[in-house]
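What follows is a pair of complexes built around chain A, which joins chain B in one and chain C in the other.
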Partner chain A sequence: MKARLLLIPLSPLALVAPAYAVTYLTVEQAQTLMFEGSVLTRDFRVLTPEQIQAIESDSGVKVANPQLNAWRDGAGGWFVLDQVIGKHEFINYAVALDANGAVRQLEILDYHESYGGEVHLPAWRRQFVGKHHGSQLQLNGDIKNISGATLSCGHVTDGVRRLLSTYALVLAAAEH
Partner chain B sequence: MLSCSPLPSIERARPLLGTVVAVRVRGAAPRAAHCAIERAFAAISEIHQLMSFQENTSDVSRMNREAAHAPVTVHPHTFRVLAWAARLAQLSEGLFDASIGSKLVEWGVLAAPHADALPDPSVSFRDIELGSARQVFFKRPLWVDLGGIAKGYAVDRAVAALHACGIRSACVNAGGDLRTIGAEAERIALRAAEAPRDVLPTLEIQGRALATSCGASASRFHAGNRVGCHVSGRTRQALDTHTTVSVLAARCVIADALTKVVLADEAAALPLLHRFHAVAHVHHPDRPGHGWRELGARQ
Partner chain C sequence: MKTPMNLSLRALLALAVLSAAGAAQADPVTSDADAREQKLERHVEELARQLQAVQAELQALKAQNQAAASARAAPASPAPQAPQQPVQTAAIAAAPTPPAAPAAPASSPFENLSLWGYGEVYYTHPTHDSKRTEFDLARAVFGIGYKFDDRTLFNSEYEVEHAVSSADDVGEFEVEQFYIDRLLSDQVGVRAGLILMPFGLLNEYHEPTNFYGVQRNFVETLIIPSTWREGGAALHGETEFGLAWNAGITSDQDLSKWNFAPEFPQYVTALDLEDNDVAPLQATHQELALAKGQHLAQYLALNYNGVPGLKVGASIFNGKLATVPAPPNAPVPDDQHLTLWEAHARWMPGNFDISALYAHGAISNLAAINAENPGSPNPIPSSFLGYYGQVAYTAWQSGGYRFAPFVRWEHYDMGASYEGVSGPVVPSGLVPVSAAPGDYGYWPRGFDRVWTFGANYYLGPHVVLKADYQSFRVNTDFSRYDLGLGLNF
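Right after this comes the complex of A and B.
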């Protein structure tokens, strides 16, 4: 059985790279997957301070970014892009809401994790903006998996709660 | 050294089991791959719903509320995981023990499942009775937590779902507990809590499972001591927060549970590693060299 541990020396460059970064889907791939056959219309908004306050009070989750990146489909559903920042992780994800505002599907688009505090630095996060499938940073070429202390996803749960409040207070409210 | 996969691969990830679960399928047409990935996520989601400590409607919550009063009938999956937990508890003489829920509540790692007082600290796996017709009975009030084994079982179920869809090459990774299928080897990076950053430890696995546990996971201070989310079933003490254990085994349910046994007692874990043809890689920062030690490989 091949079970020998191989210790690969890391270059000094790798030491400053994120510990773990992986892209699963592009925005376009997620839209096709979640709304196959539908035409999505871009409907981006900037949340007002009053809306932000209402969302925070309703969901109990802080709104870090006033930009709401949403697309609507012809049947009343929504595709919403969002990102969450945890202690060590930075996650972009997409949610498909049905016409009643219920979560129909959730897909993580990409996941970036660092050992240190870089995750909270705008410059660190900026390097992942606009990354496309196949161009993601990797640990080392063909190593696509990591086994270690459990990756965190608690902030995604909070993010979804915030988005459901955003739907109720902003997206759905605008239609009535 | 193995080369990259020549087959197209599709990978998706969702937040499940309190972590990020990724499923990668290789060499299948996109529609078939996405359909199989959906089934794999559904399989994991089912285990999450059955075995969550926190969700009121889970089998685990029902048992913790009712099984000390009357037998509780559970889902076949829950019963199978309880049976694995019982077997591992017996073989490890209690180093692995699913009755540690109350300890994790005491430490603040888990929220109390209901308002009753904390169960008697002397309870153990011996107080859990598995009867016929998937009935579970607790001889004394206790709180079962399947967090040390259910994630591995969920990975095995996802792999079974992929097999059932005709997928021949894939990897399911539930936040570091993973299993691969197919002829292709996967290179996996191991991450230890306090490992030096100048080398990247990697393993090649093919058609096997790998799970990693670290004593420092979710660590906090309780009564002046640093405690993590792992408890020795035997001593009810926190496991060493400096040590990280990765176990390779045929099934992920075994790999997942054995990481806790090795964390608790390396010497006592050795016969179990041999029994399940498993290998452990243990990292401790005080060990010479890069701190890694291999356990359980047959000569």
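Right after this comes the complex of A and C.
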């Protein structure tokens, strides 16, 4: 079955690339790729100051944007959009979580710099599959680095650790 | 910000709630009133939930608008220890949830501008020759980039070496990079201008936070002349399985800059050796300063990044050089060609960071040129080479702090073979090494084996403190302690 995505107006979420960028996937393409055949329902949140503090304390990563862009699928999984800084520019990426909160897939949506774009390589992204809240998720620990792309690798790793804390403390907590 | 659309959405939801309530009042008597009541309650709860979602979305849009506005107001005030914070306003507009309005034209010419920088300060103390201890702001580099559109980028870096650049000082002001990078597709880009050569592990990633040791290793300074840049154009790209490729046509070296007859040694410390442009490709580099362009060179570089934690690569450069003018009535020598190739690997299993590199350079047809300069302490070598192995280990890390000791062994030889002469003719024993009265030393040899023991201590990703000890096996007076401070943002 072709993906039927309940994307209440997607236009505000469409990736705008006002500057030099390699766009690997749009949000819609990433959703189709990661949740083909599922119905995704938008479930956006604005993190409260208390939630932000809890996430920062739990993950050790600063929360720069209180907006949580998450979609829920019918089977209990989540599609979460996020962004981190590479060296100077944002990297937009998406994480698919299964019903238990483990990472099922990570996709880089775009990259805006002339060096460090190797984070989009499938072999590097596959390292995140199966990681869950509580996984170590440290660069040069359970996530191997790419020489020449250290900042991008480190920041995406930090971003996923922050998202897994967000899942545990906000998304999963709200369901119980 | 309440838009008419948002208000009408709210009104619709409110109307739906009221109509649902009205429907309940219009039908007071039924056989299953309880069931209907429960259904209505669920309906109202669902509408309330949707209303909350709409409110949340409104708040999010407000927050984003405020963030974008404040970022425009203060484009150059990033929080240095908060990597999640944007460092420039252009990036704000690239957020995955920008305001609903389409991307507005840049409201400021600074929106697509990037600024960055790096630099390093050394303290170096030769253990056998402490009077040559030096303290140096080795380099202060600032970068400016501009993004013209979604396919075209400009990057540039400007460097001051040794703090002061004037007619009376040793410092230099240099343009280190100056290029346009345009994406031809998502897989292939073209870069043109003054570009960094993709050779070795260090040349393109030469910021002090990216290498171990206070100074760069000797092989990637004396054999691969980092920071090596040439004028030219290159195509580059990377395949989905991790093979990065880069091929270009560039300017090359000028042998007429060679100094065959230095009165004194061109370097008397290890720091001089790195700084004084004595190595074959340092002494002849042109750096796009009115570079002789009659001949062009070509290069190819391949790197495989397909296995996380592993990088292996190799590159080769070949070109016909601008030559030394032949004396009157002397036969014109054949063309000189330079070939430089290198292979490298870096493996980062767990806390280890292991790297190795081999580099070899050769210049052809030098016999006649060297023969014109008999007895030279500094003939042009026909070949030069170097290799190193290095092991670093992250012994401790917490938060952004990281402590990584390392050891490196390297061998360099700036004159592995010669044509036309048997080699440099240098005096032995103590000789004057400068014009200063009483300044005696040994004429250094152009090859050595060096052990380096040291540690990098990172204060986050942008600042590093370094210390090392280097033991030279041939030029033993070069052995030294070093301290360094590096930064990169």
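One rule holds in what follows: the second predicted complex is superposed on the first by the 115 of 176 C-alpha atoms of A that agree within 3 Å, B and C clash if a C-alpha of one lies under 4 Å from a C-alpha of the other, contacts with A are read in each partner's own complex, and residues count from 1 in each chain.
Throughout what follows, contacts are C-beta pairs under 8 Å (C-beta built on N, C-alpha and C of every residue); 3 or more make two chains touch, one makes a residue touch a chain.
Note that the structure is predicted; figures quoted are calculated from it, not measured.
J.: After lining up the shared chain so the two structures overlap, which partner does A:V27 touch, if you call chain B first and chain C second: first, second, both or neither?
T.: The second partner, chain C, only.
J.: Taking the superposition as given, does A:Q83 touch the first partner, chain B, the second, chain C, both, or neither?
T.: A:Q83: touches chain C, not chain B.
J.: Now for A:N92: first (chain B), second (chain C), both, or neither, which partner does it touch?
T.: second
J.: Of the partners chain B and chain C, which touch A:I108 in the superposed model: first, second, both, neither?
T.: first
J.: A:V61 contacts which: chain B (first), chain C (second), both, neither?
T.: After superposition on chain A, A:V61 lies in contact with chain C alone.
J.: So, A:N145: does it touch chain B (first), chain C (second), both, or neither?
T.: The answer is both, since A:N145 touches chain B and chain C.
J.: Figure out whether A:G154 sits in contact with chain B (first) or chain C (second), or with both, or with neither.
T.: both
J.: Tell me which partner A:L163 touches in the superposition: chain B (first), chain C (second), both or neither.
T.: neither
J.: Who touches more of chain A, chain B or chain C?
T.: C
J.: Under the stated touch criterion, which partner chain does A:R45 make contact with: chain B (first), chain C (second), both, or neither?
T.: So A:R45 only meets chain C here.
J.: Return the residues of chain A at which the contacts from chain B and from chain C coincide.
T.: Common to the two interfaces on chain A: residues 15, 19-20, 22, 24, 115, 140-141, 143-151, 154.
J.: So in the complex, the part of chain A that touches chain C is made up of which residues?
T.: Touching chain C: residues 11-13, 15-24, 27, 42-46, 60-67, 69, 81-85, 87-90, 92, 109-110, 112, 114-115, 117-118, 121-124, 127, 140-141, 143-151, 154-155, 158-159 of chain A.
J.: Sort out for me which residues of chain B touch chain A in the complex.
T.: Of all residues in chain B, those touching chain A are 2-5, 11-16, 18-20, 22, 24, 34, 171, 173, 175-178, 185-193, 197-206, 210-212, 214, 216-217, 244, 246, 248, 277, 279, 281, 290, 292, 294, 297.
J.: Which bits of chain C are touching chain A when the two form their complex?
T.: Listed in rising order, the residues are 53, 56-57, 59-61, 63-64, 67, 82-88, 90-91, 93-100, 102-103, 106, 111-112, 114, 116, 145, 147-153, 155, 181, 183, 186, 189, 191, 201, 204-205, 210, 238, 240-242, 244, 305-311, 346, 348-351, 353, 394, 399, 461.
J.: Tell me, which parts of chain A touch chain B in their complex?
T.: Answer in residue numbers: 1-10, 14-15, 19-20, 22, 24-25, 33, 91, 106-108, 111, 115, 139-154, 156-157.
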